[in-house]
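Every chain is named by a letter (A, B, C and D) in the order it is written, and numbering of its residues begins at 1.
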């Protein structure tokens, strides 16, 4: 049984339906990417999985339990954490304070939690008393991921981790994601940067106009010319 | 020269009084995203509770002040629980009107309880101590400071430091700053934003209550409109410092306090217009530097 | 004048803090064409759009509409300038009067102070412009004048005026409505009722064109996403601009409706309207546009016909990353 | 010779209610129609009243010793030039509104609220401290030609109702016109209004000035009603009386504003009747109860029925700061 199972999820904003029934599985040791052209509904899907957007129809199960309409804080407590695409750190808080807020649910998080994150991202330890807003984009992204890791989740949802980063930093971030995955955390991410994401993923889903289009291993999708056509029209 | 220095000292004392009110207002503005027009009434209430403790029950002034701190803080919690929880998603306009209604309501309650007449705190009169007396060439200088003034400045600074430590050391304090930074991310991170809001009301009220006590100590007279009279000055300090930034509010409070006292020196402007002068500074800030001195930073 | 294109964008840049959103983009739009503006997320399309509409001043470069810089189009009129100057002088004069009346109540001194104050007011107004330029980083932010000059935009996330009905939304946009002068309304000028009647007629036509008659008196806040998109197009048509900037015109519109919409846009092009369209639906943009401008990371990647764009490896790379 | 008993009371209440209705219509143009959160109603009200009082002074007593002509001469037993005083009150309020509008109308809603409260307080300070102009705290007399008439209060009521009628007609015509439509557009989304080619600053200024002029007119009528005005008649708190009328009646509706003014009169006079039945209740307690009620009603209305009796729900519930 998969760690996360989404079945025929339908959702949207206001009265505009954006996701028209999407199904997705993530196993407990996988990195899974969701790619697709602009406006395909990738970020909306992510938010629906994390209950930030109401799920109109379909079910989401996590570790075998139905979590379709759970509160976000319950999801975090039970092992699913989410990193938004933009504005994902508290800019006027220091790095350490940001991490402390990541572990807010735990009361005051134990030292090991900080250490685990500092092991993944040594730069954060060096700068732990710096204001998050004054760091570079790549460092902020790492801090955002670190914040979500404070709860030691089983599944990490990443919304475009490479957004707005310079090309050489993108590789850094993806390497860190693999490292985190090797530490027993499943990853589900949405990516604009399709080629890179697929290269680092076990499997990928291609979304178009709010529906599943293709699903395969990263490698197969990478070499599929139909995927490219999807982006630029027929 | 002596007069100018004296005015600056008076400004620092007045700045200390509005300091606590400004921090409280700024916290609420930054975290809850609305202007609390009832903040002046919090000050008035703090002053009258000090009066009740000191005059009516004959308690020592600092015990009375502690009562004001606790009581107005508790009132903040009550307001949040009864009134504001159902308005978590309301627009700023609704919140604005709500706090205006709350202000009228609270002031009416104060009047019903303590009447419309002026009351005096009746603290022992004291002659100020001359400080720094001397002369340079033909200029004499010298400032008078009473021990009450010193107590006010000291108490305000202690509480401001306490607030600073709370905001930077405790989990709740950091959560308040986090929420002021980014509300939706705070929710995503699992911060219990509802409780944070309640604590903010409590802290804001407690600080304003103590500010009211300081105001009563300094002026010695109490009347139901005393808080409303200076709430605009408090708003001016908050806006000057940058809305939502308690540290900006601290700087703003002293700048406005001093500027307002020194404005008496401007020829042709009578002392009655001191509050209007603070208001003028506020308009100028809103027009030319709406993000305030702190520029949206803490 | 004749060789100047309808819209010329020349090396515009926009920075937000340390981030460069748009970095030296230049292109031209000829009258009577449909131009697509595409690019992956974060390419700077929306920022470019805002600058075209006058809502955001470029940090460098210029945008010329019919040969005139947008910043010049947005300049305050002479009447507005004198209105501000007069007010500033009046305030300063009153201030002078008040000051003087407190010291020596001699009429001569009072009059003198008032005169000095008025002069100071005039000076303050001149100074204000300098202040504005320095503090706000731009000269004039009055995008309504761009719209009046004939270039209109729609919004990506529809922004209907929810408190107005569909019909009122349409009636709002025509230019030069005498009824917007409240004095003329109160005095019952004939032109008010005449223009209003003409606008009513035109609004009915637009409703018919967009198939919205059944929603005529519905509040715009109650429309579905697709209907809002239509209404927004209708509002632009009512104003009869020359250049229409469409931000994702078919997002959220159902397929049948979106086909009609696209057919309408083509008809309008044939009638001489010019369009610049940002759209994510590639089928739409490839079928509709004559020329496509591809943006990537704030810069113009290429410009060409739909076929050229689809076949271009750099464009594919930009979209797929790598 | 004058009316007495319940009839006099009724006339007096209707007059006061009419004045509040005029104020509410003025505020409704600013807030309900355009979305300008103005809490300096009392200031413009006062400016109107003081203008009327000043121009009414006989030759040598005028404020500037300019010997302004007798504006309210009592020719053939009928006060002909009263309209002149009313119009002057409107003009002065309008000029002040222009001057104040230039810096403040660009501000966002909550800043405008704070700034306008500051303005109201500043103008109150001017009334209080500029004794040479306003008589300071002791106040200023109004040479009211109406007092010599047989039915003073009844005449004033008729004048008030006529003015209310005119103001209502102007407001309704304005609201129904393209002008009102453009104002509503600004209220809903100023940026869209800009994109549609509306000069939003100019339109906001028009709404602010016209609303303030109407408040000035109400001020002139108040001067006639009171015969003697002091700064305490125009404290910022009274602004909220007018807000109650607009919010309860329903923001955006002129008919609502009039109904709201009626409701306000009940709120204001209710506690007084209460003191008739409860002998222990003193006059000042009744006045305090009045404020208590006003605050309570404000909170209850925005919590349970933000659109009031006849208002526009969108205005209060949509975020348009």
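Just so it is clear, contacts are C-beta pairs under 8 Å (C-beta built on N, C-alpha and C of every residue); 3 or more make two chains touch, one makes a residue touch a chain.
The chain lineup, named per UniProt: A = ABC transporter ATP-binding protein; B, D = Branched-chain amino acid ABC transporter permease.
Values in this document were obtained by computation on a predicted structure and should not be read as measured data.
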>> Tell me which has more C-beta contacts between its two chains, C-D or A-C.
In response: C-D
> Looking at C-alpha means, what's the farthest chain from chain C?
Replying inline: B
>> For chain A versus chain C, what separation do you get between their C-alpha means, in angstrom?
In response: 37
> Could you state the distance in Å from the CA-based centre of chain A to that of chain B?
Replying inline: 44
> Considering chain C alone, which of its residues make contact with at least two other chains?
Replying inline: none
> When you check chain D against every other chain, which residues touch at least two of them?
Replying inline: 318
> For chain C, which residues are in contact with chain D within the complex?
Replying inline: 53, 55, 80, 84, 87, 90-91, 101, 142-145, 147-148, 152-153, 155, 159-164, 168, 171-173, 175, 177, 179-182, 185-186, 192, 196, 219, 221, 235, 239
> Which chain D residues qualify as touching chain B in the complex?
Replying inline: 37, 39, 103-104, 106-107, 109-111, 113-115, 117-119, 121-122, 125, 128-129, 237, 240, 243, 247, 284-285, 288-292, 294-299, 302-303, 306, 316-321
> Can you name the residues of chain A that touch chain C in the complex?
Replying inline: 14-16, 37-39, 160, 162-164, 191-197, 227-228, 231-234
>> Looking at the complex, which residues from chain D come into contact with chain C?
In response: 95, 98-99, 102, 132, 170, 173-174, 177-179, 181-182, 184-185, 187-189, 191-203, 206, 210, 252, 312, 314-315, 318
> Where on chain C does chain A make contact in their complex?
Replying inline: 19, 40-42, 224-225, 248, 251-252, 280-283, 285-286, 309-310, 315-316, 319-322
